[in-house]
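Heads up, there are several structures right after this.
The two complexes that follow have subunit A in common; it is paired with subunit B in the first and with subunit C in the second.
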Partner chain A sequence: MELDRVLVMPGDEVRCPQGSMPGFGTYENSEGKIVANQIGYPAIYNKLVCVNPVRGRYIGETSNVIIGRIAQVANKRWKVNVGSPQEAVLHLSAIDLPTGEHRIRSEEDQLHMREYFNYNDLLSAEVQSLTQDGKSMALQTRSNKFGKLKNGMLVKVSPMLVGRMRHHFVQISGVDVIFGRNGWIWVYLAHNAEVEVPLNVRQEIVRVACVIKLLNLAKKVICAESVKEVMDCLKEVLIDEILSKNSLGIVKENAWGIEGEV
Partner chain B sequence: MLSEKKFIIDGIKQGLRCDGRSPLVSRVVEISQSTELLASGSSQLSIELSSPHLICGIKTEIGEKPEISISIEMAGKSSQQTRDRLKEISTILQTLLIDHIDKSQLLIIPDKKAWKVFIDVLIVDENASSLCEQISLSVVFALEDMKIIGTEGFINKNTGEEFVQVTEDYWKLNMHDVPVIISINFIEDVMVLDLTEEEQACVDSTVHISIDQSGKIRGMVKEGHGELSLGQIASVLSVAKDAGSQIFGSLHRKIVHYKIVST
Partner chain C sequence: MSDEILFYGLRQDGRRPSDLRHSSINVGVIHSADGSACFSQGNTKVMAFIQGPKQNRFEKEKGKISCFLTSARFSTTGERKKVIRGDKKSSEFEEFLKGMMESVILFENIPHSDIDIYISVLQDDGSVESAAINAVTLALIDAGVPMKDFLISCSCGYYNSTAILDVTYTEGLSYSVISEFRIAVMGASGLVAYVNYEQFGSSKLSLEVTKELMALAIEGCRQVHFLIREFCMKTYSY
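Coming up: the complex of A and B.
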């Protein structure tokens, strides 16, 4: 629940009911008042007062679905770039083997690591755990919905606009979309192999991707519903004119704002 | 970029790029002039729906020989690779753009005193792409904006000393023969204009062509691997001429957007 629709600065007191506790983005000062430590909109969950940042980089949370790019193939693990100040690591033991068998990973598997994920490959994964100090996160792809991404394009948006949603793997006008909580969104044609995407599907992929870019520019919440709604609004717009000031105006008028935004 | 490479290349072959454009259509570029107060001339370039891409400022001083030099920098931290790339770009710009500007206008006293022009380009967006073309546009606009203080030079006949006297007016550079650069890229033998960052990773070769207002080709530089057939060069030239006339046609509106209908 949002408190009041005001932007707070670091050091500002967050006005909240008696007995609230300081949560993410806040701290209790010496006078016992709850004070913001980042720019954002205050919100209260049960008794926990938080400040949702207006902008910033992604901070991992357990069980988040995210999209990353392999930055390094290391010893028994991959380092993954997820656009976060934290380090993301995918252990060899945290992936599904292509054969589907469950066993302890051998040295043989280590030699085949580049066949599973190579440098620069994109993948979807889930945050399995965070280290105690919060400096790095461990990822896992132990499910057939996670893994290497193909037949599509990546759109990077502000992670603050991608909230927690019931389904992060959704279908919008015939194409599949993965909403990564880290602000990386993958729009693709679901297919087991890497294929040439037919033109009519590609048009839809490009449309969905452009709509997501527009929502990001308009600073609106990005989720399956908002994308569908804007897709409907921009039905008539030609595909080569979709990324323009005109359609940005339409998006600003029609989509809903971010939680707590004035 | 490996994951998306096939998708991008297939899209270009099918004639639909990831932002909805066809291969031979540019993005809309908006330019504003006189953005920096302390520069003799300046321009700021941004692509529609994004923050400023490039800032270009020009400063002038009096030296012995007329000279125009360009330096390109990236805002923030840049890797060695980026700095090397910027160096390559500045050599291309030097041969294709700066060398074609008539430097005799900058003379005050022949062989003794002349204006030196320093062009500084700052790349603000670290993901900026299609740099050669856009830097050339920002330079052209900054040069067009540049005001040089009026001067008169005298030589004392007895002592041989030179004097430069500042007059109250200022003058502008003759822009008639200043060219712009058009970069035409080949991705699997398809001609593509105005690349985005992702597409840049899929390019086989690039031809930079400098073209002036009258449609004359001033120079041509090829980068990348692979060879071009004579037929391809002919089509590159026709695309460049078409794009060039559209660019010069839209310069006065401070918005540059061109599309080539057929080749």
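Coming up: the complex of A and C.
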């Protein structure tokens, strides 16, 4: 539940009922008052007072769908850059083998790790678990919807604008979109075979990516519905004019703000 | 250059002794950094960038802060600046800033994470250190780093038994002035985090003068804090 919608800054006292406890984004000062430690909007869950940040890196939560880039191939695991303070870990046992068989990973598999995921490969995954301090996370791609990404374009937005939604894999005007909770969004053409993406689809990919960038600039919620709505508003605009001040104004007027629950 | 600073109670740029220069604030100036800010006060202009919180290299529980101060070669009035990084004055300030920020940043909320602070001085017209502290505070807020409080800084000087707020470069050059009395204050709680001053000659700072300068500088910090708060309210609310 949100408390009164006032932006709090580091050092500001969070107004909350008696007997509340300091949670994420707050601390208790020497006078026993609950004080914010980052810029954001305060919220209260049972007795826990939190500040939902408006800036900062992605903080992981279990079962989030995210997009990451391989930073390191290590012993039986990959280190994945997901835009959070710490690199995430993807264990060799947490991926689907290309052959699809279920067995204990052997040394043979370790030798082939670079064939599954190499440096700088993009992948979609799910957060399986967090370490005890809640900062570093383990990922898994044990489903055919997760895995290596191709035929598309990556857009990075503020992670605070991408909320939890029913479907993170959606189709918008003929192209597919994965909304990573870490603010990385993949716009692509889902196709199993190696094909060249046709020109009209590429243009559509760029259009969707530009709309997402506009929503990020306008600080509006980024989800399938808001992207579709803005796509409708900017139907007539040419692709090379879509990232303009004019269309940013249209987005600011038409899309809903962060208050709209997703 | 005249040694006079006050003419009929006004300073060279027309300010009264207890007036701040006009300051302008901007955040998010560099997109590749996690947080960035540009703080200018009169002709002094400082940029700060934050990289982090990011994974530290040696897997220690508590992260560390690194601080890098560079000034542009064209930053000073007159001659080209010969040394742009690593001279004694800037190294000393880097150490000071590191200590100050360590007391403000809540490391227990970001375990195993380092923070890099890059400051570049674009124009130097006095009170650079104060402007740098303000810019770093803004950049840290922009990066979403958990902090106890704002750290706000302001400088003042002392000339012919008058305390002047926010000294410029030329005012700092004049003799018989406590050229720069710098102070950093926690914004909300009002605690003083840092006091430092430079002086000419062997004149000692008396207790009364110190009190007067402190009071004036704290008042200046209060004004800067108000400006920064207003700016953050406007920029970050949605």
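Assume the second predicted complex is superposed on the first by the 240 of 262 C-alpha atoms of A that agree within 3 Å, B and C clash if a C-alpha of one lies under 4 Å from a C-alpha of the other, contacts with A are read in each partner's own complex, and residues count from 1 in each chain.
To be clear about the criterion, a contact is a pair of C-beta atoms (placed from the backbone, for glycine too) under 8 Å apart; a residue touches a chain by one contact, two chains touch by 3 or more.
Remember, predicted model here, so these are calculated numbers, not experimental data.
Visitor: Which partner chains sit in contact with A:S173 here, subunit B, subunit C, both or neither? Use first/second/both/neither.
Guide: Neither partner.
Visitor: Tell me which partner A:S129 touches in the superposition: subunit B (first), subunit C (second), both or neither.
Guide: Neither subunit B nor subunit C is touched by A:S129.
Visitor: Tell me which partner A:Y27 touches in the superposition: subunit B (first), subunit C (second), both or neither.
Guide: Only subunit C; A:Y27 stays clear of subunit B.
Visitor: Where does A:N254 make contact in the superposed view: on subunit B (first), on subunit C (second), on both, or on neither?
Guide: Neither partner.
Visitor: In the overlay, answer first, second, both or neither for which of subunit B and subunit C A:L154 touches.
Guide: first
Visitor: Per the contact definition in the header, classify A:Q140: touching subunit B only (first), subunit C only (second), both, or neither.
Guide: Touch partners of A:Q140: none, neither subunit B nor subunit C.
Visitor: Let me check the overlay on chain A: which residues of subunit A are in contact with subunit B and also with subunit C?
Guide: In subunit A, nothing is touched by subunit B and also by subunit C.
Visitor: What part of subunit B is in contact with subunit A in the complex they form?
Guide: 1-4, 6-8, 10-11, 14, 16-22, 25, 28, 48-49, 198
Visitor: Within their complex, state which residues of subunit A touch subunit B.
Guide: Subunit A residues touching subunit B: 69, 118-122, 148-154, 194, 196-197, 199, 202-203, 206-207, 209-210, 213, 217, 239-245, 248.
Visitor: So in the complex, the part of subunit A that touches subunit C is made up of which residues?
Guide: Touching subunit C: residues 7, 9-13, 25, 27, 29, 35, 37-39, 53-57, 85-87, 133, 135-136, 219, 257-258 of subunit A.
Visitor: Touching residues of subunit C toward subunit A in the complex: what are they?
Guide: Touching subunit A from subunit C are residues 34-35, 52-55, 106, 109-113, 141-150, 186-189, 229, 232-233, 236-238.
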